[in-house]
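Scrolling down, you'll hit the structures one after another.
In the two complexes that follow, subunit A is the common piece, with subunit B as its partner first and subunit C second.
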Partner chain A sequence: MTADPVADSVAESAAGFVIGRRSPAAAYSDRFAAASAGGAIRLAEIPFLTHLNVRADPASPAAERIGTALGVPLPVEPGVVTEGGGLSVLWLGPDEWLVVGPDGAARELRERIRGAAAGEHVSVVDVSAQRTTLVVAGERARDVLAHGCALDLHPREFGPGRCAQTLLARTGVVLVAKEDGFWVLVRSSFAAYAAEWLLDAVVEYTAVECRG
Partner chain B sequence: MLLIACPWCGPRDEAEFHYGGQAHVAHPDDPAALSDEEWARYLFFRDNPKGLFAERWSHAAGCRRWFNAVRDTATNEIHAVYRVGEPRPVNS
Partner chain C sequence: MSTQPYRREGVTGRVLRFRFDGRDLEGLAGDTLASALLAGGVRAVATSVRLGRPRGVYAAGCEEPNAVVQIEEPFPEPMLTATTVELYDGLVATGLAGRGRLADRPDPARYDAVHAHCDVLVVGAGPAGIAAARVAARAGARVILADERPEPGGSLLGTTETVDGGPGRAWAAAEVDALAALPETRVLRRTTVIGHYDDNYIVAVERRTNHLGAAAPPGVARERVWRIRAKRVVLATGGHERFVAFAGNDLPGVMLAGAARTYVNQYGVLPGRRAVVFTTNDTAYAAALDLADAGIEIAAVADVRREPGRMWAARCAERGIEVLTGHVVTAAKGEGEVTGAEIAPRTGGRAREVAADLLLVSGGWTPVVHLFSQAGGTLRYDEGLGAFTPGETRQAAEAAGFAAGVTTLRACLADGAEAGRRALAALGFGAPGVTVPVVEEEPAAAPAEHLWLVESGDYGTHFVDLQRDVTVAEVLRATGAGLTSVEHVKRYTTAGTAHDQGKTSGQLTGGVVAHALGVDVAALGTTTFRAPYTPVSFAALAGRDRGPLHDPVRTTPMHEWHVARGALFENVGQWKRPWYYPGLGEDPGEDMEDAVLRECAAVREGAGAMDASTLGKIDVVGPDAGVFLDRLYTNMMSTLKVGSIRYGVMCRPDGMVFDDGTAIRLADDHYLVTTTTGNAAAVLDWMEEWLQTEWPDLRVRCTSVTEQWATVALAGPRSREVLAALAPGLAVGKDDFPFMTWRDAEVAGIDARVCRISFSGELAYEINVSSWHGLALWEAVMASGEVTPYGTETMHVLRAEKGYPIVGQDTDGTVTPQDLGMEWIVSKKKADFVGRRSYARADTSRPDRRHLVGLLPEDPGVLLPEGAHLVSVSAAASVPSSVASAALPAVPPVLPVPALGFVTSSYRSAALGRTFALALVSGGRGRVGERLYAPVGDDLVPVTVTSHVLYDPEGARRDG
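Moving on, here comes the complex of A and B:
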């Protein structure tokens, strides 16, 4: 009698088998590493970051208390990121922010924000699974992104500490300028497309050694 | 391609926006009191000027906020943008 693989896997789960997580761009890690080998560009995924969507009246005492509880004020100026203590708080709209933290921090952060809200009209939603984080760094990072993004990415306009929701290769992204490159927060279902597009866009900066 | 200045995010590509039609169309205070014709006028009848037109736009691929813009329908020049709740600028 041959074993039934489906039944076997079910039995294993019942016995406490833990199903592994797989990040949306996990399949691209090797190609990202190969594209990064030349040094002009670095592509990578930072999987499983915690993303919390927070909505509150920016002028309310609750907004100020949330900033205090996070140790990072909620930015009120459009397109600004505040950072500290391993957290980044991205301005998404006049009453909307994305709190980005390390993997596994969602529950604790959510409770901290809820506690600070203290019953005021505030919304906190764990949207960690909505997007993954791609890194586009290296000296040609701006050139690569400019292939598919209409924003002025010059450091004068979009230097570290700036963020924008915009289109990259017609895909909605949150673009974040970090000290050492860019984060591209892309929806999980678009991650493969964005990865393919980036790998194509970097060819002219990475393919020199393949010419001869 | 139009360059539209979102009142929150600044100038962005037209492709990031969603068009919302004529601005400042007030919802009737008591819809039940309207005749069918009056209700149809509220729902479906809009100005169609050649020239300045106050209209609603949503920054759909950006901050996702609705705002108002005054656009010249003949030239596509945008004369003003302003946030919801703000009055239409007088010179536009």
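Moving on, here comes the complex of A and C:
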């Protein structure tokens, strides 16, 4: 019912069907690599990460128990990311978080969170395939994103550990500042648009250096 | 340099070749098109828009009212001012008569936009702006300094003033270079701030490669729109000189005094050989002296005042320049260009003509308050300047330097530094110790005398707005017609409405109006300043939002398959949905009609599959989920058993259908509801709105999972055997897996949720897998070899044959479930739900409401256009006899013809072997069997009203 927990993207089922997973921006891997060749910018997709949408009362004991179970507290400050043990927990709203984990972890994480909720009203929804994760990194990453994102991405305002639900060009994204660049979590149906937009946005930073 | 006869002696540089109005000319690097034309001795640059009079270069910046040109090469661009076009090799341009021409081919250049944020934005890199920016930047604030010209310095560029003991121009360059080197400071050259909006949202346009002509590197945006959020704004926007209305003041050779000074000092160009100066204030004397130093003979200075500045008069005397105090220029003389000026005592008396090829005018200077005013700032009249200066503003912004009415260089530098300090204080930065630059002592200015027009018996060539060809005569006609507001005079005469938006003419027009009405200029006020400050190309505003990036296209995981199979697509919101697949049958050249008939037949007779991934999907979780859905849907959802599915309709409080879909009960506290493709976001918003504002007590959370799932709709009498082969572990028997239930199963080796629901009336399933596996599932279904892919058109036909409405196609926000023949879905048991109370209104039970009915054209081959209106027999008789057929009774027309309703869906049906339609018809269910007419073009098409369910009304086919 959810994503296949097997990491291989192609495997053979018991019944003999070839089951292939395909990530939303898979078609762009070569163009991302070509655009990253210059070094000023790095574009890539991190496919198949686990995304769980968690909604709970932040003041409830359940919220605290979930943080303990995950080993990462659910952040209560707006736009903050907590990280640890391979997990990132993104603040999406006063009672909404996105737990991001490695490929194939959805089922186990969901059970862990549900167990911690222990019957309290908590919603845990697997949205791993709802969005894909694009990486925009390199020294000009901030400049590239500034072409389409109205937020102030200066390190003083949006340094590592910050996240926001915002617009990149004309698509909604969850933007996460990491130590080595940005993650752009984009809806799967908008992934092609976002990829095309990014590939077009980096043209000036990968071809000719022009100081404004 | 014979090709540049008016180039100042000793000035050299890289030679650039260009062509203007068919003439090959040369200029120097650093020239504008205007300065190069002046150097080449070109006096008439453009033609006036209405009167066809020759016009020359009048100013030296964006305020230019005359020299409007069309760039022809390297790429056509209309309506640019020659004073702001930087010269480059290969430039080809022509002078315009007020109207340009857009390119007839797509612009190959790249344009883009960028967002920026700063603590302090300084607009203008003149003395005040640089002073403000250096104070703010040295404190560590994030500073943006934007200036419209290629070189910083503002007023210093055109003068010989010194700062810190050196040329002002060099001081500005060094200061701005130092600022640009600071890590938190950004210097934007060639960047015009065009709009200042609320909350210090600033829009600017940077011209990045325009000045390179054909040498512009590809891939680099030619122009860039900057969208800036600034915590504080310092508007150091300087001023524009204005002229005086006198006879022939538009002749080529008449020029603003300050502009002439700039051409001499900044560009090394002599705008003439022998000049007459006409002024109302001291500033023109500095221009006259600089021109004299450059070798231009100053034939006379006519000063309207009795007492010019003493020091200026003395300096003129030293050089033997005649100063005529209390005099005015009554007319510029010459045919096609200035050959002399007629000077007369202001109080009347004998006029004399002085030969000259250049007539400099200064009617005073107007602070550039455009941005301050745009942003909501008030203006107040400054008697000393004869112009409006900034007053109060609600923004975190202030004007500095001449824009604030400060007149001397020393005071502007000090005022800019103070503005920088105030910005820092407001932001909580400590003020750095920054010394104010040293400048020479400037002599005290004698007061200006504000002369707007030189009185005359004929005001026909006393121009106030050169670009719009508006004269004092027309202003007087306006005031004579009773107009007393500058806004009304502006609209009546069009003064101030040209590309320059009245930069040189606005205050002058106001002065003339005040003069004509005998009122105070201060009391008269000004017209409103609006963005953009200077014209902006549509290409820049469009930026990269062109072509495929104009609007996002949403695609499903199976999209590439559809493309590869030649599907045509239907736009549903931003989604691309496969519409139909021409050529997948035996006839590779089949058209839409044949393809859809083939796809429909395949589903009715065998098995078909459609990509249904775009349907909206929302997880509704919580102990009160059932109660919540009971309140939003018209029917009961809380009684749904786990494992089952129910169709539901959502209405607005007015009882009108808003959306429809299914609810799947996954657990006691967990539903998954589906929405129409176009309404997915709206339904989620609707749910959140009720939860957050009306029912915060309900323990329910909603999460969009639209793109988590890819969905394949598998439909047709043979779909069960296809599914059985794909999902050997799933019991697919009629009783094992009944209609409106769901099962988790492995389908084609993929974890799937299979729902037995049907939107075609046939036995059908919807197979949902994670969207990562959508393509794999689709390919597995197709690999069965027995399934025909079908698109949305076939889906529409199949559902219409069954009378299933499409929300938004067969409904329009005025249709109740009862109107759709679905009273069964409106619960009589529930205490309340959204829309319920509206069904007690008399209007929702009117018998003549429009009902959804079927229509059968009497000619089974005639396809009604969707949207066609429907009229009754008696009304039909009112049509002209030429189109009336034998079927129409000869009843006298009753006008107006009442429209009974309209066609909402119309198709050819493979199953029915004929055309049919759905329609909303007044009292439609009572008209079954009645003949109506659809006026189509010049014909009246007779149709018969039927039930909206035309195929398998007893529902025999849903179990296969």
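To be clear about the criterion, the second predicted complex is superposed on the first by the 193 of 212 C-alpha atoms of A that agree within 3 Å, B and C clash if a C-alpha of one lies under 4 Å from a C-alpha of the other, contacts with A are read in each partner's own complex, and residues count from 1 in each chain.
Rule of thumb we're sticking to: a residue touches a chain if its C-beta (ideal position, glycine included) is under 8 Å from a C-beta of that chain, and two chains touch if they have at least 3 such contacts.
Treat the numbers as computed from the prediction; the structure is a model and nothing was measured.
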item: Which superposed partner A:Q165 touches (first subunit B, second subunit C, both, neither); value: first
item: Touched partner set for A:A150, first subunit B, second subunit C, both or neither; value: both
item: Which superposed partner A:R131 touches (first subunit B, second subunit C, both, neither); value: second
item: Partner chain(s) touched by A:S60 [first = subunit B, second = subunit C, both, neither]; value: neither
item: Comparison of subunit B and subunit C by subunit A residues contacted; value: C
item: Which of subunit B and subunit C A:S29 touches, first, second, both or neither; value: neither
item: Touching partner for A:L92 - first (subunit B), second (subunit C), both, neither; value: first
item: Doubly contacted residues of subunit A, that is, touched by subunit B and again by subunit C; value: 150-151, 170
item: Subunit B-touching residues of subunit A, taken from the complex the two chains share; value: 78-79, 92-94, 96, 150-151, 164-167, 170, 172
item: Subunit A-touching residues of subunit C, taken from the complex the two chains share; value: 110, 112-117, 142, 188, 206, 208-209, 217-221, 224, 227, 229, 544-545, 548-549, 551-557, 559-560, 575, 614, 619, 621-623, 699, 701, 703-709, 726, 728-729, 744, 746, 748-753, 770-776, 780
item: Complex contacts: residues of subunit A adjacent to subunit C; value: 1-4, 12-24, 27, 48, 53, 55, 95, 121, 123, 125-131, 143, 146-147, 149-152, 154, 157, 169-171, 187-190, 192-193, 196-197, 200-201, 203-204, 207-208, 210, 212
item: Of subunit B, residues touching subunit A in the complex; value: 8-10, 12-13, 15-16, 61-65
